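Next come two complexes, and both contain chain A; in the first it sits with chain B, in the second with chain C.
Let's look at the complex of A and B:
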């Protein structure tokens, strides 16, 4: 009898299940022997590829991130130095992205602008996931009054107007980097909490959670060891999608003058270049930060969406049973 | 049928678990209540295998879950070591006290895939109980113990320990579940249809393994199933349940050779087996199982019972002695001593 590489896997499709039954006959012959497959991942790897678009998107994200992190070390002009070139000139060999109305180098400014944009976007989404994810898992696992209270908090957060919230935060606390980041993360929390709760509920009903409790696991241990690893994978794909959202949101706030006061982000650069006269005489001042933001957010969405599809099928545990 | 009553409870000698008047109800919305288990009592002797049979929805799995307090029953008592000075009432415990007692009862579930966390490795799954209760980090001893138990259930730890559940077949997953359950050396192992999701060829292996584990670790088994022949083969004593009530209780041989309750007779006659003790004509049974939201008055089986009369509508039959260790909850049992009435 030829060894079937899938003999010990648990295929998800109906046809696969059919011949899985037959393969049990082999197992019966092998009587109580555990023979894991030679290539356990063989059947998974082949049709499940992330694709070229995903890798191009990831490449762009890595390029922008790296440039932003090492910006002070790069041999580029000082982004704040006035008169590094002629005022408001188009792209040249010396200034690749041209210069703005004060003669500052737009290439350097686009890279430095990425620092604030990415930092605010990244830390706000991470903070939002930490808080929202914890809320969601606790709510979905414990249910009862905790779920009701956290659910109410979520609704309040969802129904609070974004701009009013920001005006309030800025009036009260100022426009520091961490204040803006914190305010943005509040916007992320409710959606993340709802999603984490929904995924948690699916897994909390599975028997392995009951088994863990029977062994004497505390609620905290069940949430951390049994639930969290299952919630983490599908959620991590959404981290990229969320990062795209927070970067855009920061851009919008910066355009309204509500973002970080010190330094400048892509959003602030767009605002500087978006005056009617500037747009007519030097459109590149707005174009390059817009382009950089557009490509970055597009890449985040493409990569995030692909990852989400990639994990959805098996890991959410709905299709696989 | 519809057995309430406690005539079938035995003395306290050697009893490891006693369930008294267990009731489990779930709210079903619109002010309705699902009566999943209604006034069920039984006890289990140390080292014995108790079988619970009945069709889907009769409350056997709910009973199992209620015993381990996941979730706790609506009312009734579940007592470990009844009548001894070690007596522990599970239904009276909450929080940390309950957690401390939990490892004494373990459970195996029907769905072998859903029983194992897809994201954890076999070594961590089986060692979880040891890690929970380990005083300090004695990883080496836990490792050795996990290997030992995996070998005992027929899984080679050197190849399997670092793999994840999806790489195993249903039968192997069930072996891993058994390993996880016995690693803390529980007193009682509750098997909730442990072979129903498996192929017939694999079923026998798992049943043999359970028997082996029972001897090796001195377990007391509660075996829940809907397959009569499987339950008969593994059980010393059998409880037949219908719509949340006990119909008949007895030693496996007595109950199968001389079924007294009409429902038990129907179940046996329906089994596709040669040499049935019951005439095939009795297998005909009308109607669907009634809704547990609105169970029939009197005897719950009366709507489908060939012998039901007015008395069954008004008066609920109580479990009564039929023979030595054979009890039935029916007004008109078959071959029941002097008279059926």
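Let's look at the complex of A and C:
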């Protein structure tokens, strides 16, 4: 296993605080003025807050999610109805996001596209966390040969070319919603497993775990009742970051025509708009779903990053793939 | 066992596992026979040869038993009657000897296809890596030099923005502006000389490299800021070295560990990205070939692809690990 890249990155915040009042800036002073970037207000007495950006980001995520869930009830055009407006017309008062080459309403399509994108992204990250988290906790707590075997499995998953993996899974089992979801969860399993293992190792050495074991708790009980809650809290931030990852991955798959066969996601919409002719005549067909995906992933990243700082977890490599 | 030996054994085991998985999966998905003889694969040719049943398909086509002889021939040629592990063993031994087999689709040796396609993808990945490192290193140095100052804050925001654009979306945005609107770059891959190749690769490499640069910048900036708090920086400053020299010669080098690890781990993301980017910019590279082959069940090409990619990934990461243990002996003892 590669060493923890952050091992040597423990900033001395005391020095940083002492020198913060220096006025002129050069390297040596910049050095001391530099605050530990992961926790900018760590040594402030005020309670840490999540901040306005976090709430704006969460607001956007909630808005998109709600719109996606209640899309059938919203007073918007049928996303598949051809000729609802003029063909390939730009944004107008009637069609806020314009229409595509078939005269379908892009605004309605963008909302409907969120359904598949978010659903596949959400369930695959949850599945990835369940499997990867279990693997990580077990291997971090039990160590020994189990750790070795699971580490090996993780590394095999990392080494297998992802797109080939998707292709194989899809050719084997088809392009159903749950199959694509399962295939996508494989993207996150190795990262989650590594992180859960790292956190577990830290907690496994704490007194309360030793106490539980002395009281005669079984391994399973220690893992579920003592370790899991402690791993879960910091991992929740990475759930958001990982969701961004799986949404993007689904988009890439959809672009190659490998995602869910029924319905359409943002990725499929982007692919439909990305042909040379469509880009020449109606670039908004690709750009609105790109914008929606960008804002959503940006919000997930921002919110996840704030949460990560809030819980003070160091970057252990999720999102590094 | 020494650390080196353990690493190599581990690496070997991973490669065996990956190739075996890929081999089994591809052989379950696509009947290799089907690729050679088409629908005849589903005819029970043993029975036809023995005269037990009539060759239904062959009679209609008017070729009779001849087609079934082709089937038997193909089965012998590709050793399709053996069990899966035996075939895997034969395949991996051939692979080790440089025999990648023939493509089922066009009968070309896979090694020829690889030699034709791989250099373009490697060039693309190389240029992307140059973009990623060339952007991220100066960017992080500039940001860490005055951490939490306006430039650094702006660059953190820019980094977040860049991280949120999927590579393929960035590719389409670049494609739209630089190819469709302004027509600065050619819309298809020009393969005349090195210059035209590089010219065609600017946008693809930017779409792959810029999001990576954002990832690296975040990591490197954090590590740089930490290193800047070390005492030797003050010593260097006291010796009268220039800021530029301190940043690039003394601070940058010990701060690169974290980034180097992630560069290794990112290889698979880069490879995955290459497949989509080659599709968008119509680059006849290896990723595109792999995608097309997988779609049409061209097993030998897919398997060769998986092997090459997985080997590259494992070798690069092993080198990174070994580099690590060389630079920091603590890893060797703990590992």
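The rule is simple: the second predicted complex is superposed on the first by the 265 of 321 C-alpha atoms of A that agree within 3 Å, B and C clash if a C-alpha of one lies under 4 Å from a C-alpha of the other, contacts with A are read in each partner's own complex, and residues count from 1 in each chain.
The rule is simple: a residue touches a chain if its C-beta (ideal position, glycine included) is under 8 Å from a C-beta of that chain, and two chains touch if they have at least 3 such contacts.
Note that the structure is predicted; figures quoted are calculated from it, not measured.
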| item | value |
| --- | --- |
| Contacts of A:229 with chain B and chain C, given as first, second, both or neither | first |
| Touching partner for A:51 - first (chain B), second (chain C), both, neither | neither |
| Which superposed partner A:302 touches (first chain B, second chain C, both, neither) | second |
| Contacts of A:164 with chain B and chain C, given as first, second, both or neither | second |
| Which of chain B and chain C A:217 touches, first, second, both or neither | first |
| Which of chain B and chain C A:90 touches, first, second, both or neither | neither |
| Chain A residues touched by each partner, larger count belonging to chain B or chain C | C |
| Touching partner for A:174 - first (chain B), second (chain C), both, neither | neither |
| Overlap of the chain B and chain C footprints on chain A, listed as residue numbers | 8-10, 25, 27-28, 31-37, 40, 315, 317, 320-321 |
| Chain C to chain A touching residues, read off their complex | 10, 13-15, 17-18, 21-22, 25-26, 28-30, 144-149, 160-161, 163-169, 172-173, 175-176, 180, 187, 215, 218-219, 221-223, 225-226, 228-230, 233-234, 237, 243, 246-247, 251, 257-258, 261-262, 264-266, 268-269, 271-272, 275-276, 279-280, 287, 290-291, 294-295, 297, 302, 305-306, 309-310, 313-314, 317, 320-321, 324, 328, 330-331, 334-335 |
| Parts of chain A lying in touch with chain C, wherever the complex brings them together | 1-3, 5-6, 8-12, 15-16, 25-28, 30-38, 40, 152, 155-156, 158-164, 167-168, 171-172, 244, 248, 251-252, 255-256, 270, 273-274, 276, 279-280, 283, 286-287, 290, 293-295, 297-298, 301-302, 305, 315, 317, 319-321 |
| Interfacial residue positions of chain B with respect to chain A in the complex | 65, 68, 70, 99-100, 102-103, 105-107, 109, 111, 113-120, 125, 128-129, 132-133, 154-156, 159-160, 163, 165-172, 177, 180-181, 184, 199, 201-202, 205, 209 |
| Partner chain B, residues of chain A touching it in the complex | 7-10, 20-21, 23-25, 27-28, 31-37, 40, 206-208, 210-218, 221, 225-226, 229-230, 233, 314-315, 317, 320-321 |
